[in-house]
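In the two complexes below, chain A is the common chain; its partner is chain B in one and chain C in the other.
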Partner chain A sequence: MNASILDPPDFQAATAAAAAAARAHTEQTDLDLAEQEQWSMSECGFMDPEVQRTIRSASGAEDITQYPLHGWVDVTAEFHEACAELLPGELAQDMLFGLFEAMSAIEIMDPKMDVGMGFDKQDLPPPSFEAAVAMGVIKLDELTTAELIGIFDALFACFVSWLEGNSMDQVLFTCLYLHAPAQIQDRPLRAFCTAVRNLIAVVKNIIVMAGVNEEEDFQLYGNSALLAAEKAQPASIAPMLKEVEDSLVRKCKQLSSPEDSMSVVHRLRFMRHLFQAIYQVELMAGADSAEEAINDIYKNLNVASELMPLIRRTIDRGTQPVDGSEAPNPMGFSPRIHDRSQPPTFPRSIKIRDRPSSYQFLEEMISRFKYACKIIRHKDYYSALNFFIEYSRKSGQCILSRSVLQSLFSSSIRLVHGKQPMKQFLRHSVQIFNSPPVLNAKHPVASDPKVQQHLETFFRYCINMNTFNQFIRICGFNRARQRDKLARLIENFDTIQVDAARLDSLMNQLANERALEGNELHATALKHSTHFSTWVLYNCFRAMLIFLMSGFELELYAVHEFLYIYWYPYEFLVGFLVSALTRTENILLAQEEYAEHQSKIQANGSSSGGGGNNSGKNRNKTAKPRKNKKQQRPYRCEIVYYHALLSLCGGMYKAMAALTKDGRVRLPMSKFDNEEIRYNRRFLPFVTLTSPPPVSYAEFKNIRDHMMRPSVEELYTLAAKHFDQARNVLESIQNPEQEILDLLQIARTNFVVMNVLARGHQKGLKRQPDFDFSKHNYFPIIKLK
Partner chain B sequence: MNKSLETTNTSGDKKKTQISDSKPSSINVNSFTPTPIKENIEPNEELDDEIEITYTDFHDESQLKIVQSIIDKELSEPYSIYTYRYFVYNWPELCFFACHGERYVGVIVCKLEPHQTSWLLQGYIAMLAVEMPYRKRKIGTSLVQMAIEAMIDRSAAEIILETELSNKPALALYESLGFIREKRLLRYYMNGVDAFRLKLWTRDVTPQDSSEDYV
Partner chain C sequence: MTDLSVTGSQMQVKAPPPPTPISEPFRITTNAPHQINDETLSPGRRRLQKWLGRVLRIKISDGRILVGFFNCTDRDANIVLSMCAEYLVEGEGQEPRLLGNVMVPGKHIVSLNIDEPKPASSSLFL
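This part shows the complex of A and B:
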């Protein structure tokens, strides 16, 4: 082993600390990563017990070739004797030897399981950095520009492959240059390799801090000894790269054809800006102003993306990987160097992306980051949540993009947009959402101590329950995990709902008290308050709808299940959403009118009896024309969208009913199947909610049986009507986005298909149609075969 | 758990009496309807229409090789011998074969254990394979039905399994029996392919008891 290994006690303590940190990463609040200068073992997250053991024994200066050291006893004879008691096939099984152990065990020498079988006896050991230098197969100085470009491009490809879930050791650290950049004499290469090493550490930190990764997304841990060998100094990377770039540019000026050298410069510059952007994301937690920090990040991303075409155009200037070789570049890579140090699992095939598609990935990643920067504009929960939902839909595949958005929005569980406390953010969000007078600082009722106390309790509860924050975080997970997590989230909404309803009723009580006291202004502001429960309910409905519909995207629903899945949003959920938003708009409207009324009274009062300078100010305020009627309907777009959704759900529900009745839907054999159980399971997360009240299978069955009474033809016609309504609503939307156009196509096509079926097309053929979800995640185009 | 293991004794006894008999014995398994089942659903070119498939359970060490050979041929994942032994020797009563004459043409391997959190008995279909020329004859469906019945007899509350996203025939088979796709498992297999967790509930347990199910 090499000298980079730390003392065992330090190492173990550090590893334990890392494990604790990983467990607690969601609760980390003030960990200032900027202060971490060095790659400790812990940072490298090196926790594989197998390798730990190796390191421990090695660092304890024990020589394994000297075993056995102690009084070992030969038990072969006893073992065979004991075995004789067993019948063929009988097993002595340890209590702790379970399925996991059985599945992880490998059969030695079986090429399907044993990594070692990939080696030939004649194979030389894969070259290490030292060996490669000694053999002269890697150059440390005076690399040609083609060699530099080849190595840089290959390293970017490795970086991308790592982000896609491959092990760091098996992609990035197959590059021998990364093992000891300090020994590289060539300055551009040394700077670039040092940058890559730092980039690895920074990216890992961001992903750990964001905590939206799962084992299937990303392999966090790798051979830390390699990273630990040299100090990490992320702050020094940009200046270092800049210096190398500048000296190269100076050289270029003396060249007659500087294009090749400039291609090297462009790559170094691209690395600098990409690194800087990502490093600044890591530093968000300590930033004084989130706006400024995000601005800087955005600028760096812009430069990086501008360099992208220049780089992609010059890929062919670099050395290219040899055909049939596993190495991503002819020089500097040793693809199998870590095969022997991998944990003893089945061999996994490692695919390193090719260069053009790696740069494509980086280009798309940079635009995802740029898009993520826009989160800074979303200052309230409603719009931030919408942004996260949209972002997940568009960028859900890339773990780093998802983590970056989390970091940009909230550096800890209690803070958002830099240093704004979560509680304040939520207060502000309710105010933006439906503007309760009690949250309006200018309204005298807001300073009522009782009101303040109730509000404080409620928002503290929201924070402690973490439900709202959690909803946003869930949007950061991969799409499959989101569904599981939403199910739990929905259950949590119930307690918040209860609390919000209590707050609303306290406000109403208080209204009565103030009315008795003769405080008309306060009483009016407090009366008929449903602000808080509406806000909570609305968010709960959102979670429910996403949960339910995500089953289509994940292909979880069998065709015969479509009926009850579409029925629920059609009959209840979408209607709830519409009424929550309508109610909110009405509240806003009423308040606006009341405020106008009040200001008129005030204006009249002040003009009649006002004193000199004071009245001037007042007049200025009231004189402003309040012509923002349009803003009083801030949810109109969303309401229209839900109207379309409602019709589409209705159309699908009735289409499924018609198709089922028509005998065109394959139903499960009745022997083991039980529709009631299936129904209950699909809606299980909703059962715990008080509001909306759960709908039993019996109720569903009643409604369905009633609905299915008409003839098949009539049912097809009914479904067609819904699709027609959806079309009408969707066509009324001005400047429609792509999603609306897609939904429109679905509505139109299904309308035609339903009409065709209503007319008795293919009457004799009882074939199940295709349900093509390629246009939209939630709604299929029904295709007759 | 103990109770379910005690019921296995019938096959355990057989193990002793029928050592080193590799031929499939005609079926006489306790709970489910004795076969032969006549299969004539879809004609197959290579085989007669009216072939007779018999079903048998696991009762002999030599059958382990058969399990291995059928599964290895048909599944993408390599399983070590420990995995086979783990299932087949812990739950021999939940391992069934389909035979055409003396030839083994299909196998199902299952286990039955209490769920980690709810303590309800959960069945798990670990492996199912039918040899290529014998497919489309509902042999797989029959094997799964036998396994389900055997597990229900042993009080299984639910039965789960995983299958590849792209394995349409398997998905259709299980769904026709009432399984639902409960969960999508991203990059579940070594080849990076997604999987579905499928589940069948054999009775309606109160949801609260197993709220962990969708966790």
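This part shows the complex of A and C:
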């Protein structure tokens, strides 16, 4: 008895001790950490009743539906009297009420936010599919062509509205036919509805895989239970639609006026090709050859875009939505069916696009897809990145277009263009960019085992190699999100810069060793190599420039900040880019000259050793065609462009200086102002980089003070000079693109404005001019008011 | 009335800091400990103060009923409720829709009810 009472504690103590001992071995540190954390938690005031209450209310543990606990007491009059005692602007608020609660509140009776508004209590709940069938308000068979066209067009409008960021439930699934396509007897309608359901699944997949969506772009999560009711079989969609089309076409032949039926056929055919194209994008990952797959996609897109005018011409043949009704089509839609099942913080009030503009959207989307297919031609990083940047500028607003481009380019993080490993792609890219002899497989130095080893280490084990991949992915995000992602990307460049510089110096070291060994050929190939660091730096500079200038596009900068934002690229960044490109060109030139020189030697002494001869010939083969095709200066265009950018930045910088000195720029009140903090904040992502070294605020201030010394008139003249230079450079470009023409107009206008100001125009009026960014995202036209 | 100050007395673990004079445009009446027993407040403010944090039931102009914790109000009786539940019609046995934080514009308010024990006279009937 006694023992049995005593035993358990003993036993417990023993097990506890054993367990503690065991833990002590393995988890000593973890335990300590955990304990420390616990301490700090309670020290931080987690036991505070205030905080406890916040936690409780946040977790939703309190159930509002259990109230009233006592009973409702009418206080309407009392309440209003009490409120009337408050002063205008005065609040009576709970002590836990703050800005967050205020901002997250939905405004009741606001048509944009309050979905429950105007809910007539006499109304029946919105009909479901079964209810609608039972009531006989939707037909399942023998639909007229007008009804079919109306439903098809309405569904396309819903699809477009979905792609624009609305919830799937609130747009597509207001169509009752989509809830149970298998129960539809009418074959064209059943085929079309099944296709739409599958299209939803495929599009969702593409967007998820591409991963360049943000919550503001796209509502990924809808009521998937609705989709799950019938299985998706995307592979069977095209044949199914084809069959229905064929039978309709056969029927048409017996009709005296087949136009209406043909309009149905066109829509089914359009759906088939659009679906095929998008489905093939999803299958890219498994495609044997990326070229073939993209060819197929392109063909489908072509057919789809050819059908578009036929469809747009026949929109009026379908049933049209009733005026004042929320339903996109009189039959088959139940607009409010999911309103009460949506979470409260959802974007509530939605407006489905009208039919003509939906088809316009689809037409534009198809041409964006076609443009995206061109990515297959960009086989190296440099041109692929350019393509992505361009694409984002032109088509950055459509989430599906952006995702399709990502899928077409790389089906997974490690693979590019079908089955090419990322590592190889980057290796190839450096070779295209500045052609280091060590990467040229034909060059004898490439077989040097030590060289091989270093290269392998760099391309395979450098984790930050992913930075390059990341840069391309970032270009797929929406324009606003690109900026903060770029900020983080720029930080990552530092490690890879260090690694690239190390690789270059190893190559130089090897050059010395080989020279000592008397291996002249290898030594020359390895010497003065800055290939890798130049390549990395160039890409880093580009990220920095895009980051900085995107602030103008996103309207983040105040006018009084323009000065240092334009100053940095003028003084440093654009210059760095130009010098990186010039250096690259020089390297390429020197190599070609050297190759020519070598081949001449070889040609003269044709009796010399066979091995050397071979390599000489091979190099001739590889070097010559490129030289002829791309001329000697492959980066000339870009360098010229950057020269123009440099002058424009210089012009804006000095114009801002002159305007500031002239008192025409509104400055913040000094008691709220700290320029240093703003400056540091604007250049924050650059601080972590070793190269280019960060420029402190003090340095900037020195430079600016020095620059600001001349008189206002002189400063205006200086700015005018810069704009004039920019104009000269831009005019020298042959076959200019629209962007160049726009920049030209900006340079010309600003040149005139600066001259006018230099001559003392509106001297007494110290009004801030307008900065009109409508022509270009980065540079404004300065307009005097 | 005594049970109403439960939150207030709980909060008074710390010594109440001296009431800071608030400049007029930012004036705030709250149920925070330093104000809860402030005798100088006008009767209306004291009444609002006592209701803050309690459950309020609002009937609005389109007939819906909103029930939630009373968080904030102003001169125009715009009211912020937290953890709000929406009922389409009055009466028992309905499934409410949970809305989270809502702001009810004063002009849409039809009637207000607070959850509290009935005054002494009516409590006889309970």
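Criterion: the second predicted complex is superposed on the first by the 633 of 785 C-alpha atoms of A that agree within 3 Å, B and C clash if a C-alpha of one lies under 4 Å from a C-alpha of the other, contacts with A are read in each partner's own complex, and residues count from 1 in each chain.
One rule holds in what follows: a residue touches a chain if its C-beta (ideal position, glycine included) is under 8 Å from a C-beta of that chain, and two chains touch if they have at least 3 such contacts.
What you see is a predicted model; the values in this text were computed from it and never measured.
In the superposition on chain A, A:Leu87 makes contact with both chain B and chain C.
Look at A:Ala105: by the touch rule set out above, it reaches both chain B and chain C. In the superposed model, A:Leu516 makes contact with neither chain B nor chain C.
Of the two partner chains, chain B is the only one touched by A:Arg681; chain C is not. Of the two partner chains placed by the overlay, only chain C lies in contact with A:Glu78; chain B stays clear of it. When the shared chain is aligned, chain C comes close enough to touch A:Met95, but chain B does not. In the overlay built on the shared chain, the residue A:Ala441 is in contact with neither chain B nor chain C.
Within the superposed three-chain model, A:Ala698 lies out of touch with both chain B and chain C [touch as defined at top]. In the superposition on chain A, A:Leu765 makes contact with neither chain B nor chain C. Residues 87-91, 93, 97, 101-102, 105-107 of chain A are contacted both by chain B in one complex and by chain C in the other. Residues 87-91, 93, 97-99, 101-103, 105-107, 110, 112-113, 165, 214, 216-217, 346, 348-349, 478, 480-481, 483-484, 487-488, 491, 554-558, 561, 666, 668-669, 671-674, 676-678, 680-682, 684-685, 687 of chain A are the ones touching chain B in the complex. Per the touch definition, chain C reaches chain A in the complex via residues 10-11, 24-32, 42-45, 47-49, 51-53, 55, 57, 60-64, 66-77, 80, 82-86, 88-89, 96-106, 108-119. Every residue of chain B that touches chain A in the complex is listed here, in rising order: 15-16, 19-20, 60-61, 64, 78-83, 85-86, 89-90, 111, 145, 148, 165, 175-178, 180-188, 190-191, 194, 196, 199-204, 207, 211, 213-215. Residues of chain A touching chain C in their complex: 49-50, 57, 60, 62, 64-65, 67-76, 78-97, 101-102, 104-109, 116-119, 121, 340, 344-345.
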